[in-house]
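What follows is chain A paired twice: with chain B in the first complex and chain C in the second.
== the complex of A and B ==
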């Protein structure tokens, strides 16, 4: 294994494991970095590779470490970690060409595992760069004598030729809707809303700029204060944390007096939870999902790939005017022992008001008038979270307001529940769609009023109307804690951001979301009538055949067009000129004989022609083949005058 | 049964043909099959594809297809690495048995494309396994590359290369492209000289085989230099006068000639006799004697010089072999 080749393999492994560094356990990343450095030193100094027992020991220790870290060897994270570790260790025992080959295949495999974590455009570009290094090393492994430049050229040619062929395969290769086998539980990472809410859980989510979903409205988008994207509905309060409660009731929701229907398409990023997001209240959906008794849309399985669905919602509605007793009962549940002061306050309101609507309004004006502050960094609360917030700290984020509002309502005997989801979205005028980010996460309340059904009440709007009307940054006084883009960036940065997001959206829709459905739609658009698998396979084969045939024509063309021999051409031209001057060369006559004859009949040319003939012979038949001699001959042949 | 059929198919497909002069590797002469590594990559690719389908990894598809198509294109590159090479089977200098014969081949690459990692090996029985270690070389663009193919010489007489395999696995090692070369080049193998054998002085039939004095006195003139002439005999003065390399020629008296007679060898078997004769020729030439060769199938008149030595050795090498004397 020569030095440059070892460096090439080191670079390959470094490039393929580098993207993994951020999600590997720290000790694995450091161990791999250490091993890479050690191997580089060994290659540099030319010292012997470590002994077999030492490698076995490190491998064993590493495997045990992984088992301890993940409690298994077979989960996704665990196997990726193991693969990375083994590839790095394999570098330590490079003895034969076969070891290097195994390493190259391992590198390709590790590249694929990186796609579990990211498939963005930068990842794709990085993939190309990595492939370039891997292929160049691969070529180097086959031909160790070859210099760097031709090596890179061959690798680049292979890669560039493969790209159009890959595109044909990518478009036409029949997509099988997966998965083929059950996936391990940790196959997908989850991010985004949880079905639990406690003080601080949403404000943590607010810090993430990750996209939750993108929405394209078919017509005019709704006003911002109507863009409540409903997520998990929380019923059960234990004094600190809200959860959905024990069972989903098998009751069908009933919507009446629907109006202001609005159609839109949502592209939901995978979040590994079953719920889909829609505006209140949805009555049409393009994917099979259940609408629960509390109006949540639940997908049949956790959403672990990007999901596109069209939906129709009605912005004006009456929901469950006649509510069953059990949900109403649930809507009054309260933990018994906590928050006496809040209970007392609610009781006072109930005593002075007979009307539920009046109590709701009292509560909202209470929030408005009592100097409550809307902030991302509220002080911590003690055991009686609601009391502490309402009467002591008075600083909170939407979950504090929603939580205490629902508590007060329930205490005043009005059925209420917490709804979490997203509010609003950022309009991308480049791509003409809305981007809803994790930082748009929100919590609000719903109360059940006789004659109105479930009504949305957002207590946050009472304290920080800007949060509802405009944006988070307008609502929060000190926005230093917000992610950069959630503040107010300059216009050009917004534009750049929107352009990049539009690009990412297209990429998501067409490249990453290229599934059976998209494939058929795309092929129809290309003009293929009645798309079938047989047809696709046939088209794929012929497409590949044609492109490969074109490549072979181009590649082999070089071989057939023989390089004209400049020396011979010049000599033949000289002979033609002499022929014109009356001294034709006989067919059997060699250069030397011919020159001698010319010299004899034209003594004034003798010196020149004999010199040229000698040079010609030595250039063409002799060992002398340097550039200089060739140039001199060509110059003199051209300068020759008959 | 199957093996026999396969063998017959192979011998039909790759019918041996002994060629002369220049061979151009046309499309019909180049064969390609995947290597073991190629099959292994195919296996890895299938695994990757299953993973892509299962986890719905679009970029995984991209990588898998990219690798697949690179592998396919590498087949074309492997083919091109051999295509249209012009190969000349050159000559091979005679060697003694036990030494290594070196066959010279010329690989003329007339294209602008350099060919890398070509391998030449004696054709073995298996597709994948060639006997011996291949000779590796590159054939740069627009150049004639001389390749020295060594073959151990074990027997006196003519040594032929037999069928050679020219193959390449460039650029990715996934495909094995090969062509068979079978030139009529042969190399003369002299018998291995006996390690120690005294010259047969005084055994010549006329009884005049005396030890010659080097004969420096009788300067007979100058003749053209031939390879192998002793350096002290070169006429440096003539060289200085730009008359080329000439060698002082000395005549030796007629009576001082040595006959190397096959019937004088006392060894038991023929090969040993020939080995002794070989030693005699070498020693006689080294000592500057005039010597003649008498074999059962004819004799060479006494003479000396490199050409004479070679003719003698040739007669000894080919003695009693079913092959023709002349190539």
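== the complex of A and C ==
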């Protein structure tokens, strides 16, 4: 095994296992790094590879370690870890070409395992580059004499030739409904909206730039102050934290006087929770989901793959004009002892106002007039969170306002609840869709008023109307704590981000989201009638056959046509090089005469050029024309320096 | 190339001073089984060249002086009635030799000329219904005075074509001339020359010359030359296919002289002046040019493919 090939194999293994490093157990990552360093040193110093018993020992210890770590050798994590470790160890017994071949195959396989963890565009690009290195090393293994640059070119050509095959396989390979490696624990780890809310929980989420979902409106989008994407509804307050409460009541919501219907398609990023997001109030959904008594849409299972659904919402509605007693009862729950001052304030409002609507308005104007500040960095609150906020700190984020507003309403005997979700979204004019990020997370309130049903009230709008009408950065006084892009970035940066997001969206929709349904739809559009998997498989096979046949014909073309004379081409190239050096060959000048002339005017080149001319003459005009002589001539002609 | 052939060249060069190129041309012509026409003024060594070659190659030598009263029978031979045996006996003419020097061929009548030329072409003589083969190897060196001299019958183009090559001796350079003038009489030297080769060997060499390899690339080059003469405006007519064959066989012989087993473009270029100068005629202003210049321009006009 020569040095350059060993280095190539080392690079292959390094590149394929590098992305795994972050999620492998630390000891495996360190062990692999150590082995790679050791192997590099051995290759560099030319020392002998470690003894067989030592390798066996490391392998055994590593396997035992993995079993202890994962309690198994199977499953995604344990298998990948084992594979990475064994591939690295295989580098230690690189004796024959066969070992190198095994390593190349292992590298190809580990490339695939990387997609278990990430399927983003950067990952795909990185793994493409890795594939290129692996193929180039493979070429090196097969033909040691080829130099680095032509080796890379061959690898690139091989990868390019694979594109048609890849497209055929991608488009036609029958898809299994559901994610291919949809093990339960494979869910995407991501931070999203929780079903708990305490002071500070939303303002932490706001800092995340991650995309929550993307929305395409079929027609005109609604106004921004109507884009409330409903998430978890919180009923139960323990004095500090809001939670959904004990049970989901089996009551069907009842919407009346619906108007201003609006259709849209949501592509929801996986967030490991069952809820789906929709505008108030939804009455149609393309996926099976439950509409709960508090108007949440709940998927049958946690959303752990990207989910695309179409929905219809009505911006004008009356919700549950006749509410059942149990929800109304829940809407009045308050913790027993806390926040006496807030209770007292609510009691005063109840006494001085004639009806519920007046109390709601009083509360909103209270927030508006009492110098409340809308900020991302509110001071910490003591045990009586609502009192402390309302009367002392007066600085808060939306969760503070929603929380204290609902508290006050309940204290004034008006059924109320906290609704969390997202507000607004960023319009991507490149892809013509809205991006809703975690930084758009919001909390607001709903109160039940006789004759109106559940009505959305956003106390944040009373303090910081810009938050509702424009954007977060317009609303908060000190926006330094916001993520950079949520402030006001320069236009080109916005454009760049929109373009990248559009690209990511297309990738999600068409590459990662190319499922059974899309495949069928796409093939129908291509003109395939009655798509069945048998038909797809047949088409796939014949497509692959045709492409391979075409490539074969192309590669065997020298059997049908005369190949351009390599020897002549090399000679002419040599002459051009000499022309540049000031020794042009006349068109009618024979090789012998020319070589003699060159030799006479450049004695230092005499030996080389006379040798080349002799070889050229015997190849071009001689009776014998063997491969070897041709190769020697081509090599020497290429190596010739003027 | 065999040692003997080398010796032949060496020996000839010792006698014919300063004319190595002409000697090689003559030998190439001989190896290609063609015939040579030397065109030059009297006294520049045409006859000596023929003599020297004949002696060093060990060939029977016959000289035919062409005059205006030379008859075909003088060349070919005649059957004479024998009184004592009462039958006709064939008396071979001067042509029955391995090497013929046909001196001043353009002074004879066309009838005598064509008798020689036909014999050259056929390698046999038919007299009174009997065909007699000429000896092998058979090589004719004809000399002719430049056409502008008085009392000559210029060879027609069709007859010129029978000669594989036409060369000119040219004046010797000063050094060679000095050697010539100060040295011993050439005729004495020629008489003392010893053969360096047997005729069998020469036949074998001729056979080898025919077997020299010609690659497709070289055929491309020859065809390019032929095509150029046919397309260029400066020639009255292009080279014939026979001229093309002549080029090849001469180039093969030249390659053999150069000890190569394949023909290269340089061979073609080397023999081109000898092979095409009497087959190409320029028109208009080019007609007055020296034929060597004409051939040089032809070489330069055709790129080697």
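One rule holds in what follows: the second predicted complex is superposed on the first by the 420 of 642 C-alpha atoms of A that agree within 3 Å, B and C clash if a C-alpha of one lies under 4 Å from a C-alpha of the other, contacts with A are read in each partner's own complex, and residues count from 1 in each chain.
The definition used in the following text is that a residue touches a chain if its C-beta (ideal position, glycine included) is under 8 Å from a C-beta of that chain, and two chains touch if they have at least 3 such contacts.
Small disclaimer: the values here were computed from a predicted structure and weren't measured.
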Chain B versus chain C as contact partner of A:5, first or second or both or neither: neither
First, second, both or neither for A:593, with chain B first and chain C second: second
Contacts of A:548 with chain B and chain C, given as first, second, both or neither: first
Partner chain in contact with A:116 - chain B first, chain C second, else both or neither: first
First, second, both or neither for A:618, with chain B first and chain C second: second
Contacts of A:559 with chain B and chain C, given as first, second, both or neither: first
Which superposed partner A:170 touches (first chain B, second chain C, both, neither): first
Contacts of A:265 with chain B and chain C, given as first, second, both or neither: neither
More chain A residues in contact - chain B or chain C: B
Where chain A meets both chain C and chain B, residue numbers: none
List of chain C residues in touch with chain A within their complex: 213, 215, 217-218, 261-266, 269, 299-304
Residues on chain B engaged by chain A in the complex (per definition of touch): 37, 40-41, 44, 47-48, 50-70, 72-74, 76-77, 80, 83-84, 110-114, 116-117, 136, 138, 142, 169-173
Complex interface listing, chain A residues touching chain B: 101, 105, 108-109, 111-112, 115-116, 119, 123-124, 127, 131, 135, 138-139, 141-143, 145-146, 150, 154, 158-159, 161-163, 165-166, 169-170, 173, 175-176, 178-181, 183, 187, 305, 511-515, 544, 548, 551-552, 555-556, 558-560, 562-563
Complex interface listing, chain A residues touching chain C: 568, 586-593, 617-618, 620-623
